[in-house]
Each structure stands twice: as C-alpha cells, then as structure tokens.
Amino acid sequence: MIVVELRKLFRRPRTWVTIAVLNLLPIIVAVLLVLTDLAPRPGQGPAFLSAVLTNGALFPLAALAIVLPLFLPIAVAVIAGDSVAGEAQAGTLRYLIARPVGRTRLLVAKLLAVLVFVLVTVVVVAVVGYLVGVTLFEAEPAAGTSVSGTTLTVQELLVRTGYAVGYVTVSMCGVAAFALCFSTFTDSPLAAALGALAVLVASSLLFTLDAASPIAPYLPTRYWLAFVDFFRDPILWRDIVRGLALQGVYVVVLLGVAWANFTTKDVTS
Amino acid sequence: MTERDAVITTRGLVKRYGRTRAVDGIDLDVRSGDVYGFLGANGSGKTTTVRMLLGLVLPTQGEVEVLGRRMPRGGREVLPRVGALIEGPAFAGHLSGRENLSLLDASGPGGTRRTRRRRIGDVLEQVGLGGVDRRPVRAYSLGMRQRLGLAGALLRRPELLVLDEPTNGLDPQGIAEIRDLLLELHRVGTTVFLSSHLLAEIEQMATRVGVLDRGRLVLQEELAVLTAPTGATVVTTPDPAAARAVLDGRVLTEDGHRLLVTAADPAEVNARLVAAGVPVTGLAVHRPTLEEVVLAAASTSADRVERPGQGAPR
Amino acid sequence: MLLALPLVLRLWPAGDDGRSAADLRTAVLAGADQGWSGIAESSGGLALPETDQLGTIADLFSDRTRMRVWWRGPEDHRIDVVTATGETDLRRTAAGRWTWDYQSDRAGWTPAAGITGFALPAATDLLPSTLTRRLLSEADDGELSRIGSARVAGRAALGLRLVPADPGASVARVDVWVDAETGWLPLQVQVFDQSTGTVPALDTRLLEVDPTAPDPAVIAFRPPPSADIRSDDPLGLLRDVADRLPDVAFPDTLAGLPRRDVTGAPPSIGLYGRGVTLLAVIPLPGRAAAELRRAADADPAAVHDQLGSRLTAGPIGILLTGAPRNAYLLTGTVTPETLAQAALALPGLGSQR
C-alpha cells in the first residue's frame, strides 16, 4: 500500500514542481549573498548564513534554515492536506475503500508517503544547497567549525548533517499530522492545507508572545530550530529530544483523531 | 424460485441523515445468478444503498450481508470478490488508464502481481479499450472513462458486480456493447447488481427487479412474474362497438381501437369475433410493462416538491 | 494529562532535612571549587536602556538567556550562551579566558593577569551558583532565613532567603534554592525588588544538572582557523571612559554606604555598599555626559527633575546628574531616595548649592 501511495505521489508532476520551487529560495539567497557579500547581522537572518561566507560547504544547513520556517511546512501542508481530501475530491477514495483498502492502513500509508516526501525534499534541498554552496562560495570541505567554535571533522559534519536532515523531517510530522487529520474532515484539499497552515501561523505567533509562555513548550513549531543544536559541541540534546517527543505526541494524538473520524465516516464523495 | 445462494441480503436497512431517512428499512434479496435491476428515481436512496453494500456508508440500523459475510466487517474477505462502479468512474487524471488500473489492483488484496499485466490487458480488451495508448486519463472522453471504470470493476473476475448507472455517458452502440458484455458475464455465472433510473435498461437486462421509492423498497420480484400474463387479451379491431357487443361484458377497457378483454386464451376470443364477422387486426396476450408495474408501485417523482398537504398519499 | 505532567513534577513535595540557613550559606560559598555541569536559564524583567555599547548587557538582564555550563572551578569553566541561531561562549582556564562569538566568527583572548574582580556583567554572573555566592558572600546571618523546600530541575532544593537589612536597599529579598543532595549547588535564584512583589525582577535557574565534575577537554579551546582573533578587554567600554574620567576625591561614605575597594576597578570610579546593596559613582567627562543625556531624554521611561534624569529597571536605579560640568552617573541596587541623597553629597554638586 505504501508503495502504491509513493508511486501516486512521485508520479505526479506537482510533487516535483513543489520540490523545485522549494529549492529556488535558497538559490536566490545564495546568489544575492555572493553578489552583495552582505552577511546578515549577528542574531538576525537564518542560522548558518553568516558562516557560509567563510565556508560554502555549510550552505546545506543554511538552505534548511531558510526553507524550514515557511516554505517546507507549506509544501508539507499542501501535500498532506491533499492526501485524503484529494482522493475524495477526485472520487478515487470510494474506489480505494471498496477495493478494499483498510481505512487505518490508508491513513498510515498516506502519512508515511508524506514523510517520505519530506525526507526526499529535505535531502534534495541539502544536496542542492551543497552544490550551490561549493560552486558559489569558498569551500573548505576538509572540516567545519561547530557553533561552539570547535573543529568538526568531515565525518562528524556529515553525520551531524544526517541527523539534522532526519530531525527536520521529523519536525514536519506535526504539520503533516495536522493536515492529514483535517484532510479526513473535508473533501477540499485546500481547506485541509489552509487549516494546517493556520495552526502553524498561530503557533509561530504565540511563540513570540510572552503571555503565551506557559503553553510555549507544547507549540508544534517550538523546537523546529533545535536542528542547530546538532552543530554545537557537544550536541545539545535537550531541545532535540523534546522536539522529537512533541512531534511524536502530535502525530499520535492527531492520527488518533483522524483515525476515529475516518474509520467511522461515511464516504459520500 | 429455486433456492440459489443469497449474494446480497439486507434486513431492515436504515440510513438516517439528521432527521431524514435516506434509506428506510429495506430488505434486499439478491441471489446467485441474478441480474438484479435496482430501480429508483434520482434521490430515492439507491446510491446510499449501494454505498452501504460496499461498506462506504455505515448503516444507521439493520444488517447487510454480501457473499455470506456481514458488511462492513467482512469487507476484507468479501470486497476482493466484488467489482464495483459507484456513481461514475474516478481516476488519477495524470496517469494513463493502464497505470490507474495497476495502482488500483495493487492497493488492495486479491490482485496477484504476477498476473496483473495480463489481467489489465484482458479487461481493457473486454471493455473495448484494447488499443488504448499511454495518454493520461485526463484526455479520455466520458465514454472511455466509463469503459475504464468498468474495466476496473472486472479486473479480478468478480463473482458479484455492483454497477451504479454503468451506461452513463455512452452512445447507443456503446450501451449495446456494454449490455452484451454484462449478459455474457452473467451467462458464465457472474451475479450482477445493476442500479439505474432507466426503466428500459433494467427491462432489457434484469431477471429480478427491486424498486426503491423514497427510501423504501416498494417492490421486489422476478421480472418474469411481474410481466406475467394477466389473464387478459388485447384485441385491436376497427369496429370496437361490434366487438363489445359480441364479447358481452368481458371488455375491461376500451381505448380507441384497442380493447382489453378478460380471456386467458386469445384464440378463443379470436374465434368468437371472427365467427360474428367482427374484423380483428391485432390479438395478443396481455402482459403489463415494467413501467406500468413501477408506476403502480411507486408514488410521484422524488424530485417533485409538493406544497404541504397536497403531497401524494404514502 | 501530558500537559499536567511537568506541573506535577514541579509540585512534587521535596524533603527538607532541617539544615540551618547559616550552614547552607557556608556550604554554598565553599562549593565554588566543586565541579558540575548543566543547563541554566535566566529571565530578567530588567528593562535597561538600550544603547549600542550596552546592547549585550541589556539583553542579558531583560531577555531569556539560556546557558550551557561546565564548571570545574572559578578559574576552570565553560559557559555557552545559546541562542536560536548561534552562541557566544566563554572558556576560562588557568591561563586566561577565551570568548567566542559564532555569528561574527570572532574569538577574543584575555590572559589571566588581565582578569580582575571588576568587570562588566557577563553571562557568568547570571548562573545561580555564581550569583548566589556574590549575593550571599557579604550577608549577615541575621539577614538569612530558611523558607522550606521545593523542586528545581527535578531535584529537591532547600530554600534560603536573604532580606537585606540596609534601609537604602532596593532589593526586597533574594530567594535561593540549594540542591539538597549536594548541599552546595544553588539551583535557582530569584531577586525581588521593592515594587514587584511576587514576580521576581531576575530569575535564574538550572534546567538540567549533573553534579559531577566535567571532563577538562570540554573546556579547552583552540580558536578555529577562520576566526578573527583579537585581544579582549574585560572592562570593555568602561576602559575608554575610565581613562578619560576626571579624578574626583570621593567621600568615605555616601548616603550611609561605606566606600569599598575592588581590585581592578579604575580609581576614578567610586564604589560603595555591601552585600546586595551596591552603588557605583562614575564622574563623566562633558562629551560622554551629553551623549548619555541625549539617550536618557529619548527614553520614555526616564523621569526628569531638577537633580537630573532618573531610570529604574527592577532593583537597579540609574541617575544622571549635574551638567554640563561635574556630571555623574550613579547606578546601583539602591532606592531612588538613596540615589538622590548620594548625588547631593558628591563633590561639585550638593556641596556647591
């Protein structure tokens, strides 16, 4: 079933257009950075961007930091929001259920397909970022500097980049789960995607608000930037672990809601 | 009726949406070897019933049994043996017909991967799409999509076909082709549950008929029984007055040159009229048409909206 | 349920073994050489005036600051101030001190000889342990009391309260929570000023603790090859000012506060007070005074009267007085009345009127 979902997803031109558009922004940023040589001021701009000027091999991380706050979640919300509602809108959902595909299996397969999409997207962004980084900037691929000022070997850097890619992927689980959950409530993919984005915008807004600090640790976007913590030395696991657990909780709760709704729902589309 | 295996049985099936009862306590009885014509006006609850048979819509009350298993619980064992066309075909527009069938086959149980390519070729041939190329379904005509939908239903050689308006969007030749195909499948043992609002389609194909009216099953019988001779004879004569005199009170109705006469044997009526010198231009055993039967059983059209108090009595 | 879990853990009763306040303080003060590591977070409600030079210090006291700490002793520790997109680190070894700012790719070095007791506030000063030692070191036993126990960073903590006896103190009280298991590691410090009541003006606490000495390898630092390496001056912007400050004959007491001697402090700066009640008097050259006055005029929170411009940020009071000649900047943890009283006693101001 998961193979079928992946075939459906990746045979779709729209999927690849999304990934291509997602890569556009880091490339634009890189070109502008090269043309102007203006590094963001400390504390401003995406993480790792100032470091790229001295070592282009770090651009994959900057590219991730660039797409992480908005572009990536939008893409995930659109793809995940489409997963069930899109089938309903096209009318293919009734044929899947009558095929029969178990409703629970369908939900899980959809979520897994979205996560594979996220992973592929993140890896593509990282690889394109690396190629852009070493072409446009001076690169010292031999080693890298950690955020804490220590020197990381190429192997360490690779492993940590791998961790970061994995973490960013997991960070998108919450968005995916929200969109998937909404997707079972509506026959409109757009409504589901917008619903998930509304949650994200609300979460990002609340995160900046002092009055919301009691609920801040539970906001789905709270620990997104913790992927930076992989590049501290030693790795700062606190927020990473919390981020993973939080996404896990969101996935379990929202998938539970989606499951409860979807398995008892009349498919009338 | 001989005791054949029950294929679809429902008992007191009810589906309520809010306060309206879309399906109101129906007891379907479809048996192996039937071509069951499920007839009803638009909005009479046909589609909801079909969806309940396939486990898409969950009944509010009552039971559904398909191929001996309770639905929707038994769907995993039963549905691979059922082919369905529900309210028109639906496909991923960016993929070709073959790919769509392949994905549909791969997504559920009962579709062996080894034979998939051959089975897809066979069913495409069967529905008249054997020469279809790699263009995406988006570019198909309505009739081609309908044929592809039917191909999807036939992919696993199902014992039961549940078809909702299968000839929708087809031209007259297409309709005839599909009818022949379904009759051929029926001949080799497939039970066909055919839901339609077209009387003619049901009359031409069904062996058994169920009539749904405003959520209630008002009629369920063998077509042969419904259209059995009524014990009357239809006489056509240019001189109805003379005929009426000869037949003396046995004339039930008179409609121009056409008389309905109480007589099981047309030959006897003919002999008397000819003996009396009344010219007879036509003579036939009287059978009711399906239309007459349905109109007698069903109330007014479901999409009429009457003012309160003027509605037809139920 | 999930939402309630952290709350339950925080409210879980912690045992209290009845240690006295004086014993607790002695143990904490003696604990400076004990090794530990952890994560600390301070949050300040101190809205200090934002000027270009004071930027990082103002952030330190007004924002939420998260720090990773590896502590082996006062001259052997590492503190990373962690931000979302980078960090600024401090590595102290016997040889001296490295600072590292990731985002500007800059490392700074101060040899041990250049490090004195007098410096601008830094992240180190916000650690519960260092802050506690600073606040308690000069406290009288009579100012201390025990306030039960609580749970901090998942550990049982013993409460210790300091209420300064000085009438001029702007700090109402300081609550310190000391780890019950080790007995010497402060887990949380809350500083309350006279006005705020229940909300601390400064709250710093550990989020995670490992009460064992960290590996020295974590503390050692060699700046990365790409880094811009420069020599740090612990006095920072104060050095420029201090060199140009007019020499002033400071009185021995000011507003009832005794003059104190701090090694490394420029002689042109007058330091007064004891414990948590401290006052610094900086005579200003004309240009610097005019600059500061402009900044003070632009600050909507500043109060202007015939004495000068006054600002309060939590327990910290700032008074800019006397212009254009004989200008002074007075700042410290004293009440506004004490600030005014001190200003009037300064040479060239009150005495002339």
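Note that the chains are named A, B and C in the order they appear, and that numbering of residues resets to 1 at the start of each chain.
To be clear about the criterion, a contact is a pair of C-beta atoms (placed from the backbone, for glycine too) under 8 Å apart; a residue touches a chain by one contact, two chains touch by 3 or more.
Chain-to-protein mapping (UniProt): A = ABC transporter permease; B = ATP-binding cassette domain-containing protein.
Bear in mind the structure is a predicted one, so any value in this text is a computation, not a measurement.
S.K.: Select the chain at the greatest separation from chain A, using centres from the mean of Cα atoms.
M.R.: B
S.K.: State which chain is most central when centres are taken as means of Cα atoms.
M.R.: A
S.K.: Quick one: report the Å distance separating chain A from chain C, using the average Cα coordinate of each chain.
M.R.: 40
S.K.: Where the CA atoms of chain B average out and where those of chain C average out, how many Å apart are those spots?
M.R.: 87
S.K.: From the mean C-alpha coordinate of chain A to that of chain B, what's the distance rounded to whole Å?
M.R.: The computed centroid separation for chain A versus chain B comes out at 51 Å.
S.K.: Using the touch rule from the top, collect the residues of chain B that touch chain A in their complex.
M.R.: 51, 54-58, 75-76, 79-80, 82, 84, 86-95, 99, 103-104, 106-109, 152
S.K.: List the residues on chain C that touch chain A in their complex, please.
M.R.: Touch residues, chain C against chain A: 2-3, 6, 39, 68, 80, 82-87, 89, 100-105, 107, 207-208, 218, 221-224, 226-227.
S.K.: Across the complex, what residues on chain A touch chain B?
M.R.: 1, 3-4, 7-8, 11-13, 90-92, 94-102, 264, 266-268
S.K.: Please name which positions on chain A make contact with chain C in the complex.
M.R.: Within the complex, chain A touches chain C at residues 42-43, 45-48, 50-51, 54-55, 65, 140, 145, 147-151, 217-218, 225, 228-229, 232, 234, 236, 238, 249.
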